[in-house]
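Same chain, two partners: chain A is paired with chain B first, then with chain C.
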Partner chain A sequence: MGQKKRSGRVHPPTCPSETQPPAAARTLDPPNSSKARGFGREERARHRICMVSDFFYPNMGGVESHIYQLSQCLIEKGHKVVIATHAYGNRRGIRYLTNGLKVYYLPLQVMYNQSTTTTCIHSLPLLRCVFVRERVTVVHAHSSFSAMAHDALFHAKTMGLNTVFTDHSLFGFADLSSVLTNKLLTVSLCDTNHIVCVSYTSKENTVLRAALNPDIVSVIPNAVDPTDFTPDPSRRDNSKITIVVVSRLVYRKGIDLLGGIIPELCTKHHDLYFLIGGEGPKRIVLEEVREKYQLHDRVRLLGALDHKDVRDVLVQGHIFLNTSLTEAFCMAIVEGASCGLQVVSTRVGGIPEVLPDELVTLCEPTVSSLCAGLETVIARQRSGKVPPPADIHSKVRTLYTWRNVAERTEKVYDLACRQPVLPLPARLQRLQSHCGAFAGFIFSFLAVIDFLFLFFLQWLHPDHLIDVAVDASGPHSCWGPSFKKKAKDSNRAWPPGADTRHC
Partner chain B sequence: MGANSGPGASPCASPVGPWRKVLYARQPFPDNHVDRRFLEELRRNIRVRQYRYWAVVRETGLVAQQVSCVAVFITLWSCMDQGRLGPSVLLWAATGCALPGYGLYEMLGGKDRERPRLADLQSAAVFLAFTFGFSPVLKTLTESVSTDTVYAMSAVMLLAHLLSFPYTQPSPPGSLSLNAALFASVCLASRLPGALHTFAMLSWALLVFALWPCLLHRLRERAEWSFPWAAGLVCAGGVGGLGAVWPGGALLLSLALLVLTLACPLLLVCLQRHKDNIHGPWDEAEIREDLSRFLS
Partner chain C sequence: MAEKNEFTDINGKAILLDCQNYSSFCREFTVSSPKVSLCKVIVCTCSVWLFAYAVFFVTENTAVLSSAIIITLVGMMMHIHLVKVEHETLLIIGSLGVQLSTSYASGRESTTFIEMSRIKDIVINEAVYMQSIIYYLCILIKDSGDPNGIASVVPLFQSSKPRLNCLVQVYKSCQAIIAQTR
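Up next is the complex of A and B:
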């Protein structure tokens, strides 16, 4: 990103960033400018959003698909979205995904578990470049495990941009590591404009962890693409009962419980089969159980699954089992129900909020309770009292859609943009009053350093000399929504298969 | 979602029914709605143990006697260093302590014994033979290191021994604490005048840091009443012994022991009131059952 084409800069005539002092809050496009772009759409504010997280494609998971799907739906609604993440191996620089979704893979050092290092300072030049180039108005950071997300929030506040944060996970309070992480979260969120959580339990958790005012925390659940998860009863073998488990094989997903459930139920029911998709350190537990009870023909371990194969595995089963020990939202049970399976799950975290009682059987996280729950569902299955998969699918398909998520997130952006971004003195005061004397002092100091560093960068590379990127919707949005209408929704599928490389 | 279901919209004038904590139903409340039921499942201090002062004092006896053990060891070393005690006297004393101690340990052990006595004798013989054979080597091991460094290292290692001692499960002593203590004793022993001195010192180190915690643990298990007496005896021995070589040190030690056994428990019991531990549905579920039965 070092090279800058001095010629051929595309500046729309009413670029608000040029008429304002550099560190002041950037406002939205005035309504007349959005009208100038035409298309006779409703006069909603158009936001230019930068999603920042360490976790994005080619990494796979809940956060990654959330960012991707939300971005696609926001683009569909006429907003501009760019994504910033760190470089994944060879995948560095700028890439374009479906519908011109631009992704910056920034060369930042990965430290642990795909999370970058944080110094609160060093990522400013790169992120500032992205924010200025793309004329970003809202910075939306994802996941509390992502150091880059917290860095981006820190810099965005320094640059006077509005900030939104989405927390995807639950965290405890008791041990040393959570005390430290919660302190960092307090610091990071104390002056963030709005926070989004994926379930009410997650909201309670985040409010307590970061000592927040609950009014600035919204609950917007995750969604599942119902067209990806359709039932197919012909794929089932009805001479036996198949229990499907699709999850990473790690402690937090309760795989140890699964290792107790398998022998308990297999000795009682001789037509019971387990189909387990996923990989992880706890695979050894399942292999030992399979070895000891000689269940090789009845417990199949499929190993890591591609996202596109998950549905093919799900439709082979009658019952979907989730044994998680903690979960903020749990997309897996929605996917299972969407494929028409009977869902049995542990009652932990936000799971009780996700599906209505007729679609899920909730159990305590113990082997005996889960076995009892499974037994009732097996009995129901044998007596044929379960609704047909198509009925279950039609109930689930409207519950969680990405369009609904995007609509609600849009309102969060509207709200966040109406709030002021704290100027430096007020921000320092907020840090010191909210985060305790010691952390408050340290982070106030870092905020001042960040501010001075921004000043230096603005002197070195003034904002008006940084090229404004051409939107993927073309100059003046001439390839805008009407152009995109021709493209079918099926292009939106996660994971983004083909992407074009920016030269 | 209705028009006023976004965050920031004014709460609906006539909400249909009460708010429910579910995500699957579209409810006529804004997304940032904070209900009366917000945080109603929050629980505080559900697994907090209430301590009684004298019970805690009794438990601190273990810490106090371990500190005193270190003091006893340093006393023995300094007596030998100054030539007040000969190595043969110490070796006889060690035998005199070890044999009744072993007898007591066996007596309290009960009948379910897996290890034959011959094995015990064998390990003792191997240890003594090797230490005796290697004591000239150990004696000259740190010759090239300055005495100050050796003392500093010993002090740090004895401190590490006290810090890493597994007070909750003292038998057998944890490997880090035992190794730190033996390292310190080798350092100190190498500054003594002769090879037999070194041998005597190491034998005592083993007695004090390895065997005594085992005996004490068994005393606590099988004859609860004797534990305070044993701990008190060791403390008195530590203070008394240190008083013979360094009266100021003895004063400091007795002060430290008093603070440790009387003031620290008071502090713990008082601070217990301020404990604020929060639990709720977001906590990671614990697996309390023993799942290894499915595997073994």
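Up next is the complex of A and C:
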């Protein structure tokens, strides 16, 4: 998606526009025009990708925006992308987002934290239907917390499709839940064609957790939309120094550290103000601190922020503080730097890889170290030795772009497609040799059941009876340039936002 | 002028689409499903009776047998009266509206009529149906309060569920008529 187009959009990540599915009939004529266009360019493999994750809009978060932005850029590159996720309340059935990005909200039961239940079997009929009717060639699953993603990988391998997995988070090794998740990840990834991690730390973590061959793991960082995060120095109050914190107020984000920093710095510097955006169970810690030291005028808690309001909060500050205790790739500090703020962060997980040293001050995750780091930045700010926000922005804007991410992901797809998908006997052998005797046995058994179930479904409802879906994106897209022109020419407006609640 | 085309429904069973062209702004589409097959009736009846006989063998109560007979008879009647649809007809008259009628195997017919002024458009949509995802044809009904809004969606050919190629043919003819009236 081009820069121009982007600035034109109101704010697609928060409210992707919905449109009525294009009436199928108009596109069923032989796609001569699009074929001719295809041959004009150099021969490049076009993939039909299905992104699967439990996490997608209307749920908000890093994974959601990653999937959305990546899909948009892949569509721009001429691939066909569909997204499969579970139904969110009333949002069920099939929806279309900007540029013909098709989203399947499948009616699967949600168990915990927006993650679906998993039996490894029951989601096969619906996912098979999606894969067959969209003629998917690559299944790309996101997030290790998502049960649906693991299910989709499992079924895709059974159906003989190429698989790619993106891991978005870091895990421990010690506690019971990590041990179980790691086992599941080992099983799920041992026969996946390619794995993508968001930072080198995350790659190391994933390779260790899932006992993988590091060669099949690629690192592709996240990106931010630089046009959304532009500096605006006029919004700052330069008579005081404002420290901005934007994160969920949870333990993982180090809010207890923040509760230690605030009183220490506030007693030393009388022109220091804190602006804290976000909501979560640790809010009480900050409220207690504020109460105890009587800092009501200097510590402002803004509560939950919409994604579109984040920039407005960021540009009001001078310093961006991140106190995370674990982080695979920190989008927040890139957003902060993109708005021209001085960034102070903890040195944990993948954070040291994210920004060049001149743009970030790294500290140990302790109160004293963070205070020392903040002190130096405050001193620099007072002496006026900091680079102007516009300079910082221009440095950051070239670092992480979604187009770059899409280009690299495309290469991963090319690579994955060249690899063979293991046939069942080889897959069983891999499972048993890779995942230990017990888990290997259980999951081999499940793989066989899944295979038989697929056979049963193919007998019950053969592939040729499933209508091939009309492409909304990709080489034979009916939403291509010619379609948009046609829609504009004919004055008959497409019925927008038809009720698509089904089932 | 009439043309008959063979299509299949989403389960692969043959259905017949009969297009009657009365004039350029009046067309009738009839989708006919195959009749109740004798074989299926015999299999159903036999299985119920065999089961009843097995129960009778254990309990030695003749009420089981008589109730089985009643169940099969009532079930058959209910099936042809309420479930089994033989024809579904869509009559579209450009200046007037759309009439949908469903005739059941028993001969019962139910008809609804939608005026043209209430119809926003006829489109092909997708839905999750049971454990699969299908295309269906539907009428979008205008919202009286909001000119661009849609109050409800009326699915067409609900019981025969034709496949996409059949829907496309109906869709194109319907669009031709709707385009004339605007």
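The working rule: the second predicted complex is superposed on the first by the 435 of 503 C-alpha atoms of A that agree within 3 Å, B and C clash if a C-alpha of one lies under 4 Å from a C-alpha of the other, contacts with A are read in each partner's own complex, and residues count from 1 in each chain.
As a working rule, contacts are C-beta pairs under 8 Å (C-beta built on N, C-alpha and C of every residue); 3 or more make two chains touch, one makes a residue touch a chain.
Here the structure is a predicted model, which is why all the values come from computation and not from measurement.
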item: More chain A residues in contact [chain B versus chain C]; value: B
item: Partner chain(s) touched by A:Glu353 [first = chain B, second = chain C, both, neither]; value: first
item: Chain B versus chain C as contact partner of A:Leu415, first or second or both or neither; value: first
item: Partner chain in contact with A:Ile94 - chain B first, chain C second, else both or neither; value: second
item: Partner chain in contact with A:Gly61 - chain B first, chain C second, else both or neither; value: neither
item: Partner chain in contact with A:Cys129 - chain B first, chain C second, else both or neither; value: second
item: Which superposed partner A:Gly436 touches (first chain B, second chain C, both, neither); value: neither
item: Chain B versus chain C as contact partner of A:Asn205, first or second or both or neither; value: first
item: Partner chain(s) touched by A:Leu106 [first = chain B, second = chain C, both, neither]; value: second
item: Partner chain in contact with A:Gly280 - chain B first, chain C second, else both or neither; value: neither
item: Contacts on chain A seen with chain B and repeated with chain C across the two complexes; value: none
item: For the chain B and chain A complex, residues of the former touching the latter; value: 1, 5-9, 21-25, 30-32, 34, 38-39, 41-42, 277-278, 280-289, 291, 294-295
item: Contact footprint of chain C on chain A as seen in their complex; value: 20-21, 23-25, 28, 92-94, 104, 106-107, 125-126, 129-130, 133, 461-462, 465-467, 469, 492, 495-500, 502-503
item: Chain C to chain A touching residues, read off their complex; value: 8, 10-12, 120-121, 123-129, 131-135, 140, 148, 150, 152-153, 163-164, 167-168, 171-172, 175, 179, 182
item: Contact footprint of chain B on chain A as seen in their complex; value: 170-174, 194, 199-202, 204-205, 207-208, 214-221, 252, 254, 256-257, 259-260, 263, 285, 288-289, 292, 325-326, 329, 346, 348-350, 352-356, 365-368, 399-400, 404, 407-408, 411-412, 414-415, 418
